[in-house]
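Next come two complexes, and both contain chain A; in the first it sits with chain B, in the second with chain C.
Right, the complex of A and B next:
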């Protein structure tokens, strides 16, 4: 039952084949068995069961609120959820109990979804591995799949070998991706600033949707880069992503950067004829370091569309290589500004230093932020210095326009959707990942996903196949602004053709004893 | 459900699909080289290389580092922190390779729309208790802060890594 898609389980709830409380309990118990994945920071057991009971009463009366009623979901820990600790995996917000729900969380709860808990991430969503939070790294569920074990772990493996062989989830919404991939929930929210939803989706073999900037409200999402952040949706199939999008999208008076156009939720048509489609293959997305496996998968996908009658052409986005540099400058600059709110005075960690306000702030921030966050704040402040403002910040904004214009040109020439790889390779083992520092890794891993954030375009990762090591690899579709319906329709067609295998997760009944953290929230 | 490996999908994909362009391998050469013609335009080689010549690493003066610590109210902590900044600047210097003459800076992708502004009416509030719950030091309805208007000690007097530089 837990392996079903969101729509299937929703139908089962409606028909009474399973009750919301049973479903909730099964998910909670699976979360306990998969504690070693470290996907969840906080598990809201009591509130989840209460929500499930309410849902059950509604089903009993024959009045479910919608498709999402009673469905267990998880939310990344940088979204505020009332009564639940929201930490952003940082010491700065440890112990901070949100007084309000983020708009997207509220929308999910209004539809009756059962919030299981908050998932793990990189500290303040900065990173591409979900390894830099204070609660420890998230483990990719595929590390424990039969597919990976058969291909990668040597036959004479001992428990120690298995311990050191596990691969990362990608980031920064790694916890959400791992939660969906390991069947503990049916949908999860992530955030996407530079690829933070699509990257872990590719590595964990799930669908990761980054909607157009301005479609979904950011109110309650602890901001990283105000001009590029969007809430991301992680699900097991494209139809589910469309369902969740339908619930979340739309104007929010509390977020003035949401567009005011009327959004109508849609059902995805079953596309059978792709001959009217024009697929663009941006040549710059064959970036240095792209693995030959992914290159070959990308080719096969292009062939797939071509053989089905679509027009597949090579296009050029000449400024792609600079998108990551541009992101680096704009992100650090906005981070320097956004992180200024953490001073310990109104919420969060507060240092004991009492000599003066400034020294208290400095001490609080010294104690509360990790190296990555501090590094970005300092870099950002450097780029914003009067002597550097024109050369770096304004320059980066100009390059941003060039990048956005590249896309406008390509879409204006008749291309409907772009097809690109999502990541340069499959998931790397953790021990290898930590050999490089966070900034280098982000610069390497976000290279294919970043430009869509620059231009605010919708993009989706669709799991495509397994690599030679038995790990998932995904491909990315980038669509035109606010054309999510077209994007998702094509993605659904592709998903059907590809038939990505289900993970064969082997969950042992005992804990692995590695660094793990989990709490039960019991606030009423 | 059996796991569908890459190879299986590959074979499956070839079998599926409608009209296929016939392979144009000249029969005379088929035995010799038979390079499979690339039917789809995915570039076989990387379209660009990562910058071979990195821009020179500019040294940042201690005055600037000190200024940054004051502005940001975070510290560099150790040599690695300073090194991180130097590398970040070097990385960002690649931007100067791009010609941006005549290009306007872009603040937001929604620049051709008007932001929504609501009516200036009070619609929510009165949540003092909830908001005070998260503060560590408070008195009645006030947040308590240490005395203000006291600047951070100068570099020589502060305990900071930069002191030794």
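Right, the complex of A and C next:
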């Protein structure tokens, strides 16, 4: 049941084949047995069960609120959820109980969704591995899959080796991706600023949708880069993403950057004829470091479209190579600004240092933020200095415009959708990942996903195949502004063609520290 | 030097300009040893006027004076993470109104920026303001002031308005040194402000004060700000400025990189505010009748022309109307408008009396106003109502009492014992003697008693007549009409 799609389980609820409380309990139980994944920071067991009970009553009356009624979901811990700790995986907000719901959280709850808990992330969403939060790294569920174990675990089957061999989820929405991938929920919210939804989606073998900037409200999403952030949707299939999108999209008076136009939720048609479609392959996305596996998969995908009758052409987005530095300047500048509010005065961590306001501020911020956050604040403030503003910030804004214009030109020339890889390789083992610092990793890993954030365009990761190591690889579709329907329709068609395999998760029971051999139960 | 007065605060900005000396023939010439003219101080001002609105600039929390600390603070005001600003329409309208009243160009597209600094009363670590493109620019403010403290010589001056920008007010912090702590009240954090920036066109504190006063009146008339600022604040600031000469010399900043002198805000010193566009607020677009799209919902937009049509009469217009309608002097109209409620009082008295407004105004400005000032009362608090004053003036007009008597009655009325003017007149026996015969008798008696003076008058010294009149007045205890007395005396003396 837990492996079903959102739509399927919704139907099951409606038909009474399963009840919301049963479903909720199953998910909670699975969360417990997959605790070692460290996907969840907070599990809101009591409130979730209450919500499930309420849902059950509604189904009993034959009055469910909609498709999402009774569906267990999870939300990244940088979204405010009233009454629940919202930490952003940072000491600065540890213990912070938010007094309000983010708009997207409210919308889910209004539809009867059951909020299981808040998922793990890189601190303040800064990172591409979900490894740099105070609650520790998130483990990719595929590390414990039969597929990975068969291909990658070295000959000695000791648990120590398995322990050290686990791979990252990618980030920064790694917790949400892992939660969906390990079947503990049917949909999860992430955030996407430079690829933070699509990247972990690719590594965890799930669908990760980055909507057009301005389509979904950011009210209540603790911001990283206000001009690039969007709430992201993680699900196990494209259709489910469309369902969740339908619930979340639309103007929010509380967010002045959402568009005013009326949004109409849509059902995805089952595309059969792609002959009218024009797929663009941007040559710059054949980036240095792109693994040959992924290159080959990308090529096969292009052929897939071609053979089905679509027009597949090579296009150019010439300013792609400037996107990393451009992103770095704009991102750090906004971070420096957004983090200025964390001073310990009104909420969150406050240092014991109280000699003066200034010393209290300084100590609070030093204690509350990790190196990554502090580093970005320092960089950002540097770029915003009067003497640097013109050369860095303004320049970066101009470059951003050029990057966005690249897309405008390409889409204007008749291309409907762009097809690119999502990541440079499959997920790396944690021990390898941490050999490089956060900044280096982010710069490397964001290269294929950032530009969509710069241009505000919708993009989606669709799990495509397994790598030689038995780990998921995804491909990315980038669409035109507010053309989610077209984007998702094409993604859905592609998903159908590639038939990505389901994860064969083997959940072992681990005790803290001591590794014991126990019966491995591959769950169903 | 920002005043912490409610509703309104000014920051003095003093820039220095080279004076150009004029030679005798009226041409401009550079004087001085080095060929450079001496420095002359000129004064620029930045006024922060709190916008009169129900809610704050970017959040829905209420704007209210003197509420319990931290009782008017929304999540956004407290800078809770994840909250976003939403622009208050009424604040935009207030700024547009003010811009129009100050003859500004209203920017149809203006932008919001973040100005960063750390302070306990600034929860977000930045203030949202308009640094790049403010809502209104290039206006002017005309004001008048008296030269040499004589009410009779008024001169009109103009100060250029550089810009008006919308921005957030900060909270309040109180330093408790005994306990080494700072108490922060965020009620005011996020309240809308209009910062009105005046160019350094004013020469001194007096001009600045007059300009500020006029601006205050305009804002109050528009209703865009209550602009309440106690007079003592204006006085205090003038004094500070006058004493600030040397201080300002030191804080004068020459920015070598920019290659020019920079006017400085005294408090902050050399601070880099790291201005950045506010990413959560799209550009503010205003429309006028021409640019308004056909199908746009009227509720969704701010129409500059619509606001312009509905502007109330500005003080300058009001004053001109008063002068025209009542035949009073321009300087009178200034005083009327400068005092809260005085114009209404004046007009009420005029309505209720036959006395000409030109005469009424004297009583209002000389007698009523000076009394109020002496006792630090507002017009509202006046123990003498417009009805009472009108009654009194009617008695005077009907020549039932002399003007001297009237002043005595007024002095009684100030006591606020509830007596009517007529009652006081009767009580103190202040009625003018109406009986001509009686008057004649008294005149005759005086003439008879002042032989020398009579001779002087008959010899041609008319001035001495005044002494006789004065004596009659004394005899009658002020109850004689001096004009009539003069006539009678003259008649008798010519016999």
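Simple rule for what comes next: the second predicted complex is superposed on the first by the 509 of 524 C-alpha atoms of A that agree within 3 Å, B and C clash if a C-alpha of one lies under 4 Å from a C-alpha of the other, contacts with A are read in each partner's own complex, and residues count from 1 in each chain.
The rule we apply is simple: a contact is a pair of C-beta atoms (placed from the backbone, for glycine too) under 8 Å apart; a residue touches a chain by one contact, two chains touch by 3 or more.
Being a predicted model, the structure only gives us computed values, none of them experimental.
Visitor: In the overlay, answer first, second, both or neither for which of chain B and chain C A:99 touches.
Guide: both
Visitor: On the A-aligned overlay, A:490 touches which partner chain: chain B = first, chain C = second, or both, or neither?
Guide: neither
Visitor: Touch test for A:30: chain B only (first), chain C only (second), both, or neither?
Guide: After superposing on A, A:30 lies clear of both chain B and chain C.
Visitor: Where does A:347 make contact in the superposed view: on chain B (first), on chain C (second), on both, or on neither?
Guide: The answer is both, since A:347 touches chain B and chain C.
Visitor: Report for A:334: first if it touches chain B alone, second if chain C alone, otherwise both or neither.
Guide: Once the two structures are laid over each other on A, A:334 reaches chain C alone.
Visitor: Have a look at where A:295 lands relative to chain B and chain C in the superposition and call it first, second, both or neither.
Guide: In the superposition, A:295 touches chain B alone.
Visitor: Contacts for A:410 in the overlay, against chain B (first) and chain C (second): which applies, first, second, both or neither?
Guide: It touches nothing on chain B or chain C.
Visitor: Please name the chain, chain B or chain C, that touches the greater number of residues in chain A.
Guide: Result: the larger residue contact count on chain A belongs to B.
Visitor: In the superposed arrangement, does A:242 touch chain B (first), chain C (second), both or neither?
Guide: neither
Visitor: Check whether A:221 is in contact with chain B, with chain C, with both or with neither, and answer first, second, both or neither.
Guide: It touches chain C, and chain B stays clear.
Visitor: Under the contact rule defined above, give the chain A residues that sit at the interface with chain B and also at the interface with chain C.
Guide: Shared contact residues on chain A: 99, 227, 253, 256-257, 336, 343, 345-347, 354, 357-358, 361, 381, 385.
Visitor: Give the list of chain C residues in touch with chain A in this complex.
Guide: Checking each residue of chain C against chain A gives 75, 78-87, 114, 116, 118-120, 123-126, 180, 182, 184, 186, 257, 272, 274-276, 279-282.
Visitor: Would you mind writing out the residues of chain B in touch with chain A in their complex?
Guide: Result: residues 1-6, 9-10, 12-13, 16-21, 38-50, 60, 64, 67-69, 71-77, 80-81, 84-85, 87-89, 91-92, 94-98, 100, 103-110, 113, 115-118, 127, 130-131, 133-137, 143, 145-148, 150-153 of chain B touch chain A.
Visitor: Sort out for me which residues of chain A touch chain B in the complex.
Guide: 96-97, 99, 146-147, 213-214, 227, 251, 253, 256-260, 281, 283-290, 293, 295, 297-300, 302-309, 312-314, 319, 321-322, 325-326, 328-329, 332, 336, 343-348, 350, 353-362, 365-366, 369, 371, 374-375, 377-383, 385, 391-392, 394-402, 404, 437, 439, 443, 455-456, 465-468, 481, 497-502, 504
Visitor: Name, in rising order, each residue of chain A that touches chain C in their complex.
Guide: 79-80, 86, 88, 93, 98-100, 102, 218-223, 225-227, 253-257, 333-334, 336-337, 339-343, 345-347, 354, 357-358, 361, 381, 384-387, 389, 393
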